[in-house]
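These are the structures, in structure tokens.
Two complexes come next, and they have one chain in common, chain A, joined by chain B in the first and chain C in the second.
Coming up: the complex of A and B.
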């Protein structure tokens, strides 16, 4: 598999970002709002991809990292009255702490055990949210008040509930995470992660501390997922326990598998695909999940490495 | 459409249409404008109501009956000339009983379908998750949820609940009857999540005001499938067990409670939420015979049913046992679904008061709804009379207490509206439109 030159790789990604920027002016109102939401959730998928795609660690508990950001930011605004930047930072902080603790414990396992341990931790996190319902709103969740969702710069301010501001904020976060992901996977560190995925024992033998590298990957993945959760709370104004449920641990796995694991743009493609299939088919039948299921089976049969993964395998070997 | 060729999956067996729409995500975005060419509302165009339905997910049983009731109400409204001389059209989107999807659906109604209002949501977490989207889109959002979230004034000015009394009021209005007729020492058993917490928090002060006490509160985790181990926690002096378990485990709960007590049991009082869409004569529920339940609107036809109640039941298509006409096993959600019927008539009244013409009049519609104060019992409000508090966007109505007798529910007491009134917790009308 050949590697793209920096110009080609960054050109492609900047082109994708430019396309998303242009779409902001072209899309009808509904799809404009939907794409903002998709970009935020694609960040969640990118965080998941960092661990699953590049390190080969299949987690079934990433909803807890998303929820850490969601609740970290949401509660900071609702309960403590913090500003948007401080609340976003609080969300990231929660993601760092949680992913560090979970990483230290869960990385003592591997394979199926890692999957089960992460799922169990996520379930504990979910139940903690329900248990402290007087603070978290329990299963009903809470609204982040509209007046508090304002980004102030001195005398001027940006209203995050404004569709354009929201879209551009989502695009900003998405772009930042996309470019960081690209830089990471092209770096020496990124190659070490892939080496761990391909053969951890050999990587150890070459002198790498695989535990530390994996732990760093868990923390990076956790921060990115928390950033997505924090952005979701602040941009869309709702904090609820359903985002910490197992469903939201499985969704990023599906998005990444669909788009292509270990591809930088795959998470966006996968998230887009799922959203559009559900949005369109649900307009025709209440059995839309059956159609989604059939579509997934067909994709697994004919594009087993996901959309971009299969394209890379067949035609575009340089695709990051 | 070159990009669609890049992802051509026609060989996979998918139809060309699905492949074009669904698989080529970027191409889908580019083609998206084709879906959204909508004309402006005109005087003869129908009033469009976006129905956020729980067609799938945990709320599906409710969603199905909410749709039936809504269809019946719209049919009746249209047959009588519609709203402001315009026919009413209902556009349904499934929210999967999920708050994330719920918010997207509200956005879809506001910006793609361009509906005049959004309507019909039941589950509280979906209402709370969707409310910000409604407030930001400035589209009136009429929910039929019974949750206290609207009246708590923690949502926003565009959210209303004018067709069904909220749970705080329901619980409060049960207290006088329980204290006077069932007993003064009450043990509560409730699910350990928000629905249960409403009962946990609102019942004790309401009973206290009636000279009765909650002597124990037993919260049962939602994941529990067997309940016997919790029953020894029920104090021996308990006179009334107040139970509000919901979900598939209810049958097991009742069966095990029956095995625990045998024939010598305290009084039982429950909320029909536990058994909505469930046959009261299901195996295992025999232990409930002689117990009492809250009902919003009675499931079983009553001897003293008003003409309006009879007409409503016939229009919706439920028989004397509260099941679908022609399918006795298809039991309705009678205690809640009347709220859809009544809410639509409130919308009609408010739109007529506002001289509503189209989405540009949404703010007028909000103010006209807030100006409403009472709804008289009749064909438009068959469940009973109601008052409406425009400051908290919540209605207050009578409640029914029914006894299980011979496999049916017989109404033995109707509360007064005043029994359920409480101090307002805020004022939506101070918020900007």
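Coming up: the complex of A and C.
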């Protein structure tokens, strides 16, 4: 893999962000709303990619980190009446605590056991949400009321239910996470993570503490996923237990696999592509999970590196 | 009812759960032990067995026992054939890579579940038990069919154990599990063994489902709980250990029956799942198993 010059790599990403910004003024209303949602979910996929793509740890329980942000922010607004920034911070806080605890426990295992352990912890988290249904709304979920979703700066206020504000907030979060990811994977730390993925024993022998490096990656991944969840609760106003179910642990895996694991823009492309495939096919059939299933099998069989991963392999060696 | 009979009832219900669970988990354990494949679609093979049992019994009609016996033979065969095709078309091409096969079996889970929803529908449908004899205990009457499920499951488990330890097929399977490369060098058709084991695992799940379907109804989402419980059983029993699987199934089934009779089922599930995750974290070889090779 040849090395990208910083200008080329950052240029590409800033270009992608600029494109999304321009699209805001060109897209018809329906796709405008859809793209905002896709950007928030792409942040979830980027958080997943951090761990799966760069460290090579396949988690089947990332829905719990998304849900930690979702419920952390949602409950803070609905039950405690907190303001939007405080609720967002609460969501992030929940993500940090949960990912730290889960990381400390689950990282004692590896391989297949790691997948099953993360899946089980996520299942416990999901059941806990159902068990405390008097606070969480159970499987009905809760709606975050419109007046609570207003960001106030002194005299001026931003209404997060306004489509333009919502789109720009989603784009802001997406851009921030994208640039942080890019900086992170180009840093020394990012290289240590890739070294762990390629050969953990050798990395250990070179004197790196692989456990704490992996733990840090789990926590970063958890924070990013929680940020996505918190943004989802505040921007789209719905908090429900289905977001904590196994399905939402599988979806980011699918998005990342499709776009290309260990590529910075892959999660966005995967999420975008899958959402549009489901959107188009839902006109013909309601069985969208069938599409998800077929896509998963075809991907692992014929395109294991995903769209961007294959492009990097064939033509664009410099792609970050 | 007093506490004693109440406990007996809970234990009996738990034993029925254990019996079905042991068969399902044995299938999962065999596939994992021999092929090193975590089959996430295992619960869907279970569901397919139940749905096919409903389809077969309703199309045959006549005395319920007739349809039930037909279902007990035909449903596992169909499910086994489907599993064989899936193994040939997908898993073999992936070279049984653990991570790729998990993703692929997740895909199979969604495909099977959606096809069941499309062709079978969202309703839960009952299947009539082959006989409705009630055994009268001093405190309460108990369904004779449920007791026969326990007996049938025990018979099948013993039969599987005999096949594994006393026949040439079992020897070939164990050789493949122990060291597939050496087995290949000794002329064992490892590819065909893998296909057979995957089909056998699915068939065990289907048989378990046919046995349970007269008690609980057939539904397209019914594969979720058995999948999770089978994982729990296989992990506690030690990945790939046969005896451990059976012991753990009895343990989990009994405690599930007793805990969910006295506490909320959701709370029981939370505690059980959390405990098992902790077992996997702190004792990865299982409570009864030996370290995996």
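We adopt the following convention: the second predicted complex is superposed on the first by the 303 of 320 C-alpha atoms of A that agree within 3 Å, B and C clash if a C-alpha of one lies under 4 Å from a C-alpha of the other, contacts with A are read in each partner's own complex, and residues count from 1 in each chain.
Everything below uses one rule, namely that a contact is a pair of C-beta atoms (placed from the backbone, for glycine too) under 8 Å apart; a residue touches a chain by one contact, two chains touch by 3 or more.
If you're wondering where the values come from, they're calculated on a predicted model, not measured in any experiment.
Novice: Between chain B and chain C, which one contacts more residues of chain A in the superposed model?
Specialist: B
Novice: Is A:109 in contact with chain B, with chain C, with both, or with neither (first, second, both, neither)?
Specialist: second
Novice: Thinking of the overlay built on chain A, is A:304 touched by chain B (first), by chain C (second), by both, or by neither?
Specialist: Touch partner of A:304: chain C, not chain B.
Novice: Determine, under the contact definition given at the top, whether A:257 touches first (chain B), second (chain C), both, or neither.
Specialist: Only chain C; A:257 stays clear of chain B.
Novice: Touch test for A:80: chain B only (first), chain C only (second), both, or neither?
Specialist: In the superposition, A:80 touches no partner, neither chain B nor chain C.
Novice: Pick one for A:289: touches chain B only (first), chain C only (second), both, or neither.
Specialist: Once the two structures are laid over each other on A, A:289 reaches both partners.
Novice: In the overlaid three-chain picture, which partner chain does A:117 touch, first (chain B) or second (chain C), both, or neither?
Specialist: After superposition on chain A, A:117 lies in contact with chain C alone.
Novice: Examine A:130 and indicate which partner it touches, taking first as chain B and second as chain C; both and neither are also allowed.
Specialist: both
Novice: Between chain B and chain C, whom does A:58 touch in the aligned arrangement: first, second, both, or neither?
Specialist: Once the two structures are laid over each other on A, A:58 reaches chain C alone.
Novice: Who does A:152 touch here: chain B (first), chain C (second), both, or neither?
Specialist: Neither partner.
Novice: What part of chain A is shared between its chain B contacts and its chain C contacts?
Specialist: On chain A, the overlap between the chain B and chain C contacts is residues 130, 289, 295, 299, 301.
Novice: So in the complex, which bits of chain A are touching chain B?
Specialist: Touching chain B: residues 19, 23, 26-35, 37, 130, 133, 137-144, 146, 161, 236-238, 240-243, 269, 272-273, 276-283, 286, 288-289, 291, 295, 298-299, 301-302, 307, 311 of chain A.
Novice: Given the complex with chain C, which residues does chain A contribute to the contact?
Specialist: Within the complex, chain A contacts chain C at residues 58, 60, 105-106, 108-109, 111-113, 115-117, 120-121, 123-124, 127-128, 130-131, 250, 253, 257, 287, 289-290, 292-297, 299-301, 304.
Novice: Residues of chain B touching chain A in their complex?
Specialist: 6-7, 9, 11-14, 18, 21-23, 25-26, 28-30, 32-33, 35-36, 55-56, 93-94, 98-101, 103-104, 107-108, 111-112, 124-125, 128-129, 131-133, 135-136, 147, 149, 154-156, 192-194, 197
Novice: Taking the complex as given, what residues does chain C use to touch chain A?
Specialist: Touching chain A: residues 38, 90, 93-94, 98-100, 102-104, 106-111, 113-115, 117-118, 228, 231, 235, 264, 266-267, 269-270, 273-274, 276-278, 280-282, 284 of chain C.
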